[in-house]
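Before anything else, here is the set of structures, which you'll find just below.
Here come two complexes built around chain A, the first alongside chain B, the second alongside chain C.
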Partner chain A sequence: MSATSIEAGTAPGDAAPAASAPARSFLVMPSVLVLLVWMIVPLVMTLWFSFRNYNLLDPTTQGFAGINNYAYLVTDPDFWASLRNTLVLLASVLVITVGLGTLLAVLFNQPFPGRNVARVLAISPFFVMPTVAALVWKNLMMHPIYGVLGVVARAFGMQPVDWFSQFPLASVIGIVSWEWLPFALLILLTAVQSLDNEQREAARMDGAGMIAQFFFITLPHLSRAISVVIMIETIFLLSVFAEIFVTTSGGPGNATTNLAFLIYARALLQFDVGGASAGGVVAILLANIVAFFLVRTVARRLET
Partner chain B sequence: MTDSLAKRILVAVLGWAVALLLFFPIFWMVLTSFKSETDAITARLFFQPTLASYGEVFARADYLAFAFNSIAISLGGTVLALALAIPAAYSMAFHPTPRTRGTLLWMLSTKMLPPVGVLVPIYLLFRTTGLLDTRSGLIGIYALMNLPIVVWMLFTFYKEVPHEILEAGRMDGATTWGEVYHLLMPLTLPGVASTGLLSLILCWNEAFWSLNLTSSHAAPLTAFIASFSSPEGLFFAKLSAASTMAVAPILIFGWFSQKQLVQGLTFGAVK
Partner chain C sequence: MATLSLRNVRKAYGPVEVIKGIDLDIDDREFVVFVGPSGCGKSTLLRMIAGLEQITGGDLNIDGKRVNEVGPADRGLAMVFQSYALYPHMTVSENMGFALRLAKVPKAERDTKVKEAARILQLGPYLDRKPKDLSGGQRQRVAIGRAIVRAPKVFLFDEPLSNLDAALRGQTRIEIARLHEELATTMIYVTHDQVEAMTMADKIVVLQAGRVEQVGSPLELYHNPANIFVAGFIGSPRMNVIDATVVSAGGGGVEVRLPSGAQIVVEVAAGAMQPGMPVRLGIRPEAMRIDPSGPIAGEVRLVERLGGLTLLHLGAEGRDDLIVQVEGTSAVEAHQAVRVSADGAACHLFDADGLALPRLARHQLVA
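And now, the complex of A and B:
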């Protein structure tokens, strides 16, 4: 089969002259080429550096390092702490945003006065840049003396909490959840709105209560949207950086150091290119495990 | 409606309570930006409003430079991404080949490469080529970062344009350029605009590359706000004024483009 006949098969009714159709389909090439370079070059470099001795401050350290960078990484307690923090952050934010997001999507689908304004207010945090979100929470909300939470606590006669020293990781989780809950709400609300009302009406006629309707009709209908939210949030949550950078700098100790922050510190604070690259390879592997499932989910959608 | 009055009241109260709670930090930030520094560290709701903090932020000679960088980088990244994506989406939507589906999925998969994974090589490449702390460097990164999303969104919009219209143009002797520029562009302008808007929002709020690849010359507002993480952040009113100005334009854009956002961010998987 020649290339043109395949094309005629996939695009019936395309009256373009046979010669120009392939030429036009080449217009995709610039995008493909830049993305290919953008993906391959840094990937190969990261891999290459991860097997090299390379420190920006010390030009005498060079040469092949074998698996030394990886060996050093897995014996470093900070690495395991960062891996744990990355996963705890990921899991907690996912549970909070998807759980609450589903409930809120159902809530905001009910008619009530001023619903559109309320929706707009509720999704607003998603548009706030990460550095602003983190600093507003850290200073205006969670500051033990001047923050709103401290003031409220004192008003009720309680001891204000010094969030970032007592519960550092939980504080970061709170801030990141505040940013991503609106995202989950936005996507899930869109999905809830496409739910067939007749189906729900029929269920109600048959005597299904609110809770039964939620579990047997709404939730199954949302399953695809929920998986999409989980996948997309996962991509971003594996690389949470700015929120940690401006609030805790990974501390106290390594309490809020995630993989992204560890790599940043290795590369740009300690100038250990080899070690940072080994961390980068781990981050890429982690993301690819997730990517595998996301691409499959979206691919299914593309066939329909 | 068979819903009881009690249930409807409960829904309204709950809905508004959640909305106000989620919005509260933003409200408080805007409120604090109009306070004096001494009022700002109190939880006072009523105070003598002042624009002093805005004045002080503006008086910092470099504020406008940061704001200009944000605008230039976001616009530049978006225009570059659109310039690459429009031909690509056109070709895939109207002249599909057996590889088109695979190409689309592969483009999506490039989004899965975590930025931290390639921080080291990008930083070194930028250092060697003198792109570190330049606007053009970030524009390139942002265009590449958003290219898959932009191609996908345009592809879904183009898919809805009937082939016959473009064919008629072709019969009349339109060149490929004429076909895209005179026929496709006017037909899909709202789609292109909302795609651009989404790209602008993502560029404006991006805070991994901007924090790591810029220091002073090309630093956008995300980096400017990060500089308040020093003890300077304890000037609550100034922090709030700077934050409000950094967030306001994109917040308003965001309110208007919710629907497109859902499609773009989920690669059309949720409608």
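And now, the complex of A and C:
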């Protein structure tokens, strides 16, 4: 943060007379301090609690726990299941939204009657808040008795599927994908629109059919936008909570418990703040590991 | 080896017709230039030949075969786009070999062809670069290289030089002319720059509002324009046009009276001209000269000194935009009163419909 602020001050063409380096650092110090406190305090507190005995039901248990909180965490099968669920959820939603989003973006770029209305409709799920979306899907779409899917199944004489008990994680993945597909579509559609039409015509002259044009021209052109979509979605998908809380509450068993929900359950259902903090630290590590690889690949993409 | 023929070719977008029936024959190895003002349909016509735009009516034949319904890749043509349209994520050699790759040509053969094209265009050192690392002129050459690699029957150029600076444009123009000689293929070239048209073309097609105004060699168009539009479009500075009235018409030419009362004999075939008919007199700037006993009197409004030439902007005969081109550096100053004369043998006469009267003496270089 401090580095970018200082660089911005020395940008070429800056008309203001340049202050000396120490004076400049002094002047940006307040904002740097605010940002530092903003970031550091919660982080340090989480770290602090993760090494303490801290139970909301029993104020008398106090003192350092050493690495006990972490030891309990990694020996808890729920933890590994939640880690797996987090990554499965992340990967599946990314694949679905980027894959479908790319195809829809190309489709919505073709002229057809009512295209503008269709675009708005396709993008509108993004404006529905996660709790509402999850409730709608749970009660109006996927419910085996009242849900639309159940009605359709019965209309064909089939047994309605009880989605949340038979395919709990897949159901959550479906809901989250439905929410994030419009975002991917929006970003990718603008990227498709920026594709130079003469490039596509040149490819046609070179003998590229629709499919070859898609793979050789459109997809490479979209690669930047796709990496941006992946990066932004990853940040949000690692912390999916409302959809799980509203639909399955992490169940059945631990089938849909992800890391965020596990931490919530530890702290506010089992009142073990120390254990929850240990989970939080793991979440921070996970996010940073993912972010490290992601930011590196995306940055390399954006350079070219 | 390729000949093209267009028979009553039309293009309409809904009720709006933009190409209104074009007949044209293009011989093998000919360099044909389409010129015309913006919106005249020259690019549309080229894109119809390329197959990028559907043909609404008429026949397009390549080597005698009707190709209206043949896809752009199968017509055996290659096109160089105005924006070059290089594929940004591919290297220069991948760009040039893309068509061959799609045609499943083996890699070794592809490389040979790309290398050969790179040699012709002096692109050898840049084969592994991406388009963004090239200069404008190099990108232009890659775009041409992409066309060469396909060994097309006809090259199509859509204003290929308009994104280059003036110096590079002149250089690339020469290079394309050299390429035409070396490759000996038919080329169709669209431009609005008449210098490009005059210098490169074997045959110029002047288009206006979706119609062909005149087809001919550059000098034919310059010396014998078919109508007032072609006369005004070809030649720089523009031809001066003055309203006049026929005084007498005979075998030696037509005598016309200018608004000031001055009279000039223009050496054109009189045809149906009768005394009293309104006509328009066209005089090229270089056909006028300062002459103290000349028939046209006027005032110099502006002097443009180009070094080798001097352009005098003259107010005379009810016009204030007449241009006289003087060799060398003229001593004439702005606001000076001058008299000029016009060479009657080099003047053009247009009837009330804008059609040119045939000139009696044809230029020696114009067959």
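By definition in this document, the second predicted complex is superposed on the first by the 257 of 304 C-alpha atoms of A that agree within 3 Å, B and C clash if a C-alpha of one lies under 4 Å from a C-alpha of the other, contacts with A are read in each partner's own complex, and residues count from 1 in each chain.
One rule holds for everything that comes next: a contact is a pair of C-beta atoms (placed from the backbone, for glycine too) under 8 Å apart; a residue touches a chain by one contact, two chains touch by 3 or more.
What you see is a predicted model, and the numbers here were worked out from it, not measured in a lab.
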Partner chain(s) touched by A:I217 [first = chain B, second = chain C, both, neither]: second
Touching partner for A:W38 - first (chain B), second (chain C), both, neither: first
More chain A residues in contact [chain B versus chain C]: B
Chain A-facing residues of chain C, complex: 50-52, 71-74, 77-79, 81-83, 85-89, 98-99, 102-103, 130, 146, 150
In the complex with chain A, residue positions of chain B that touch it: 8, 11-12, 14-16, 18-20, 22-23, 25-26, 28-29, 32, 40-43, 84-85, 87-88, 90-92, 94-98, 100-101, 103-105, 107-125, 144, 147-148, 151, 163, 167, 170-171, 176, 201, 204-205, 207-208, 211-212, 221-223, 225-226, 228-229, 233-234, 236, 239-240, 243, 246-247, 250-251, 253-255, 258-259, 261-262, 265-271
Complex contacts: residues of chain A adjacent to chain B: 3, 6-7, 10-11, 13-16, 20-28, 30-32, 34-35, 38-39, 41-43, 45-46, 49, 104, 107-108, 110-115, 117-133, 135-141, 145-146, 148, 151-152, 178, 181-183, 186-187, 190-191, 194, 224-225, 228, 232, 235, 238-239, 241-242, 245-247, 259-260, 263-264, 267-268, 273, 276-277, 279-281, 283-284, 286-288, 290-291, 294-295, 297-299, 301-302
Chain C partner contacts - residues on chain A that touch it in the complex: 196, 198-199, 201-208, 212, 216-217, 220-221, 223, 304
